[in-house]
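One chain, chain A, links the two complexes that follow: it is found with chain B in the first and with chain C in the second.
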Partner chain A sequence: MKRYVARRLLLTVPTLFLVSVMVFALMRFMPGDVATRMVEGHAYAPTLQALRHDLGLDRPVHVQYLDWIGGIVLRGDFGSSYWTRQPILDEFSRRFPVTLELALLTILVSVVLGVVIGIVSAARQDSASDYLGRVLAILALSVPYFGLAVLVVVLPSIYFKWTPVWTYTAFTVDPVENLKIMLVPALVFGVTRAGPVMRIMRSALLDVLRQDYIRTAWSKGLAERPIILRHALKNAMIPVISLIGLQMPLYIGGSVIIESIFRLPGVGLFFFEALTRLDYPVVQSVNLIIAAMVVGLNLLIDLSYAFLDPRIRY
Partner chain B sequence: MRSWTRGFGTESEGASTAPSEASPKIAAAEPPLGARRLGARRRATRPWWVEVWVRMLAGKPLGAVGGAIVLVMLLAAVLADWITPYGFAQTSLRERFIVVSRAHWLGTDELGRDLLTRLVYGARISLYVGFGAIAIGSVLATAIGVVSGYLGGRFDLLVQRAVDAWMAFPPLLLLLSIMSLLGPSVWNITIVLGVAFGIQNSRVVRGVALLVKEHTFVESARALGAGHLRTALTHILPNVVPTIIVVATTGLSTVILTEASLSFLGLGVPPPYPTWGGMLSLAGLDHMYRAPWLAIWPAVALSLAVFGFNMLGDALRDLLDPRLKGG
Partner chain C sequence: MARRVLPSTCLLLAGVLLGSLVATGPALAQSGAQPKRGGVIRIAEREAPGLDPHLTISFLSHSYISLAYSQLVRFPNGPEQKSPTDFSILPDLAEKWAVSKDGKVYTFSLRKGVKFHNKPPVNGREVTADDVKYSLDRFMAKSGFRDRFEPVTGIEVVDRYTVKITLKEPYAPFLNHLASPSFCAILPREAEEKFKDFNNPDAVIGTGPFVLKSYEKGVRMVFERNPSYFMKGFPYLDGVTIDITPDAAARLAVLRAGKAELPHVWGWISPEEARSLKQTSPEMSITPYKVIGQGFIYLRTDQPPFNDVRVRRAVSLAIDRKSWNDALLFGEGCVDAGPVPCALADWKLDAAKIDPAKAKYLVGYDPAEARKLLAEAGYAKGFTMPIYHWPGYVVPWRNYYELAAEDLGKIGITVELKPEEYGKYISTTALGKYDKAAMGPSTPFTEVDDFLFGRFYPELPTNQSHVADGELTKMLVAQRREMDPKKRRQIVDDIQRYLADKAYYVYVPQWPQYVAHPPYVKGFRHHDGYGLGMRLLYTWLDK
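Right after this comes the complex of A and B.
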């Protein structure tokens, strides 16, 4: 186990290195020049040349890369925004709780809905409730979350005079107000993500319910509830957890859209605003931080299999 | 069932429990085109493509519904110029914000543009980008997957680490980054989505190529003096094709949805082209409060399209991949 963890940790180093090179190269070798735009829009510096020098854009590319990556590795310094000159890490850590809360609530909604409906569907296979559950899952898969979000913003305000809360309150300031704000976005996002969870849950549980140890449990006279909830569910959860792990990038990517619709001051909005201003350091560093998180999370999920399923040994 | 692909029967790989690899249960299966040959011998009554549809209607009613939706969408996209009475950018300031009328079945927007016309042209853009990206992506996935899987060794290791790195990014963030630099255009988004699709699915193709490579017919081809290029092209490639077809059909809905979300954020297909994602976007939010149908119809169209492609893709996968039948 220890050796496996060490090996996996070591393997993340080349992956993250490639990630950093890729995101850096993307930002530098593509058309679009931040300096031109900054000089055009606002008088950040007297001349283009001066601004380029100021931002360090006149240095050779590899020097710029080493400067960026060196700052991160050696000093934990992720650079500063070109436009606001604020350190990126500060802004990121200020906004990250919003995105994390959104992601966790979304996962909570989708897992609760998906797992419950999936269990009912599998336990009563081919019954009316199974078909209902499967139809709901297909619907959830088909409706795009941003379409649903726009409808949730627009329709209730027209017909019920109800609008989502727009002013964000931090959880630490007022938990109730905060949950009021986060609930609608998390519900919208979570409901659309519950579809795949439900489908995986159902097929995994059906699979497990056909196994010998479940037959043993039936024949020793256990009731249905403990068989499903205590014996079958634990094994059937493994694909569900790996699905959530695989979908984590989707949750984070989706937060860009959800946050811009519901005006939540999270990382997604930060990233999107930086994009529209070609703020390279922000885009680079946010991409890198999030990619690192995804890599780390996948590692954690792989390790969690060992606890969920004692048969898996590393 | 007899196998006809150079002695290569259906190969079962089993559900992989390796968690770090997404394990789509796809095995090199019978090629659908092969059914033509077999069908002719087995039953001379029905052509193979009728057979597929009959089987689908009987066994996969949802898939048939999906197929019908896709067909309607295809027809709308192809015939858009003839079936729409208005141009997609044709404004009429006297007819703004009509809910529904005989002249405008689904109403008009803030510039008096006919919504149904725009939705029909939107189908064209969606399919254009969708099929274009899938075509580019399939070729790329095949090239990377077959070469990487066939050559193996250090080259494979290197390529796979690069694919790992690519997959570490949340797809939307990466696509947004690239599109913001390239600038929104139909070509750019098609190519970018295609490349993303190709890299992501090269892993599946590589998996199949690795399996095929181990078969004795590959070994005998090599022993008979076939070069690497010939072996890869005539022995590995044909056995990978079914997998690519499955991956491509199931990937279409994702690509269309991704295009819509990029257009929604203004980094996909630029105006004046009407796209479903663009029509839903926040830029028109103020108008939507006045005219909710501006949000409802594009959302419905997009949902129907995704539903159609999902169901069709699922059904085709089950039909083309006998190992998954009824699973």
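Right after this comes the complex of A and C.
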């Protein structure tokens, strides 16, 4: 186990190195450049030259890369935004809890809904409740979360002069107010993400329920509840956990629109705005941090399999 | 060394006269209902990319920080303005100024006793001529707008309250640029020394009507009334908050739900949104304004086929502007949209006043003649052209691109619409780096020079059509060197007459903007300058 973890941790170094090179290169390959984007129609040659010099863009590309990556490795300095000139790590640390909270609440909503409906559907296969559960799952899969979000914001404002959009308050400042703000976005995002969870839960559970050891349990005369909850569910959860792991980057990406509509100061919006403004250091550093998190999370998920299925050994 | 201020005969009388107008500001503001002091106005708007007036050209940044800063001179607002495009020059930190006879030396006399906001490290010290020199020098060194001061050769501190700016040649747009809240804010040097630049919220220390109290990134900016603002009795409001709301639908929703007074930094909503809002919230105050704006098809006039004026005229004649206006803008748009925008009334020469034989190439619709012109130019069977564009511009732009393709198709020109990502569009196509043709809106400038010199002078990045016309160039230079407003207007008229049948740019209808807010918001008048501070100076809440 320890060797496995050590090997996986070592592997993160080349992975993150490759990510850093790719993101750095891709940003430079994007059409246009940050200096012209910053001055737009006022892109007169002297202005551009001065600005490029100011931002250090007139240095050779490899020097720019080494400067950036060297800052991170040697000093833990992720650089500053070209636009706001503020340190990226400060802004990221301020915004990350918002996105993390949104992601956790979304996962909570999607798992609770998806797993419960998935279990009911699988346990009562081809019954009315199964069909209802499957219709709901398809509905959740087909409704785009951004469409639902806009409707949830706009319709009550028209008919009831009310809207679920608040000014953000941090959890540490006022947990009740914070949860009031986060509830609606998490529900909107979570409901639409519950669809795939339900589908996977249902099919995995159906698969497990047909296995020999479950048949043995039935023949021993065990009741349905302990069979499903104690014996089948744990094994059926493995693909669900994998799915949540795979969806993690989606929570960051998808949070752009949810954060934008519900006025949440998260990482998604920070990243998206940096991307549209070609704010190279922000895109590079945020990408690298998120990549590191995804790598770490995948490791945790892989380790969790051993807990769910004791036959798995590392 | 103290230098004598120029003789009083050279004083720009307007400055003095308008100075007295400012002094009577409160009286004018009270001509309607009695303004009430107090209350905080809430604005739902996107986040600005920065706070330093010289390190960004974003209108959002400049609008927000205009609450906190002043310039040497400024545009009229509220009861002072004759119209939303009244760009006459009023005193701000300079109480008066003089221009030398040759138009090359400006001498500004500062108000005495004006103090910066009481925030460290400046701690409410008095504004002096050194601050003006520091700020304008920094502008010329760092700002993306620095080309505006290209003719400036020196800024000199004459004494504690007098600054002299020397130009290499007369430059008529100078005071307009100096009045722009977009870049000519007067800043304290100590703040930059302490905070490196003016992006740090603690470094936002000005002399404007509001003091930036806090800025929680991505959440809100909180401004409070400047208790020692130099215009006594102003502002009426206790404060201003900007609630960061990136999504347009959410901005309108918070207005409807009573969680914001303005759904945009200037209260703007589109004609379509205005119609919807009138239905759902009839109590709202919704006022249409002609605003400076312009959109056009721009053409590579230095390359075939658009180096042939007949082809350009054919493109212009193919555009059915009236139908576009009726179908997309509810007939409320302005069809005669260029080369000077409709709203810029002080400079606009209406197409109706131009020889109809020429004006038809500016505003006319005649597909039959367009086909004839194409045939004469050797394109009887038409040709294919791309239209590069950014599809993300606000409504009605997406429809505009498609309508242009459709109209041009009717005269035999096959259009391939080429959508581009914004970063690419703004840093290549919009700077004239494209093949054959592109389409999009212009920045709404406050100076006519930007729509003429900026758009037509050879080699400028804003000369998107690559115009190089010797006769025109002479007039473009002449209008910016002419200091007599009447004579300058004549040259600008001549330029508009000259351009009418050249079709260097093919202009499309311009739409109005509606300003929406709850009825209890009083005294908020739209002005087409970029500031917000002065607009809110005269605003009060009747509740």
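One rule holds in what follows: the second predicted complex is superposed on the first by the 304 of 314 C-alpha atoms of A that agree within 3 Å, B and C clash if a C-alpha of one lies under 4 Å from a C-alpha of the other, contacts with A are read in each partner's own complex, and residues count from 1 in each chain.
Convention: contacts are C-beta pairs under 8 Å (C-beta built on N, C-alpha and C of every residue); 3 or more make two chains touch, one makes a residue touch a chain.
Bear in mind that the values here come from a model prediction, so they are computed numbers and not experimental data.
For the composite obtained by superposing both complexes on chain A, the positions of chain B and chain C are in clash.
Of the two partner chains placed by the overlay, only chain C lies in contact with A:38; chain B stays clear of it. In the superposition on chain A, A:278 makes contact with both chain B and chain C. Residue contacts after overlaying the shared chain place A:295 against chain B, while chain C stays out of touching range.
Of the two partner chains placed by the overlay, chain B and chain C both lie in contact with A:158.
Of the two partner chains, neither chain B nor chain C is touched by A:78. By the touch criterion defined above, A:305 reaches chain B but does not reach chain C. In the superposition on chain A, contact is made by A:91 with chain C only, not with chain B.
In the superposed model, A:24 makes contact with neither chain B nor chain C. When both complexes are overlaid on chain A, the residue A:68 reaches neither chain B nor chain C.
Touching of chain A by both chain B and chain C, each in its own complex, is seen for residues 30-32, 150, 153-154, 157-158, 260-261, 276, 278.
The touching residues of chain C, counted against chain A in their complex, run 47, 49-52, 55-57, 141-142, 144-147, 196-197, 199-200, 216-220, 243-247, 249-250, 252-254, 256-259, 280-281, 420-428, 430-431, 443, 460-462. Residues of chain B that touch chain A in their complex: 17, 19-20, 22, 62, 161-162, 164-166, 168-174, 176-178, 180-183, 257, 260-261, 264-265, 267, 277, 280, 282, 285, 288-289, 292, 295-296, 298-299, 302-304, 306-307, 310-311, 327. Only residues 30-33, 36-44, 46-47, 50-51, 54, 83-86, 91, 94-95, 150, 153-154, 156-158, 161-163, 165, 167-168, 259-266, 269-270, 273, 276-278 of chain A touch chain C when the two sit together in their complex. Chain A contributes residues 14-16, 18-19, 22-23, 26-27, 30-32, 138, 141-144, 146-148, 150-151, 153-155, 157-158, 203, 242, 245-246, 249-250, 252-254, 256-257, 260-261, 271-272, 275-276, 278, 283, 286-287, 290-292, 294-295, 298, 301-302, 305, 312 to its touches with chain B in the complex.
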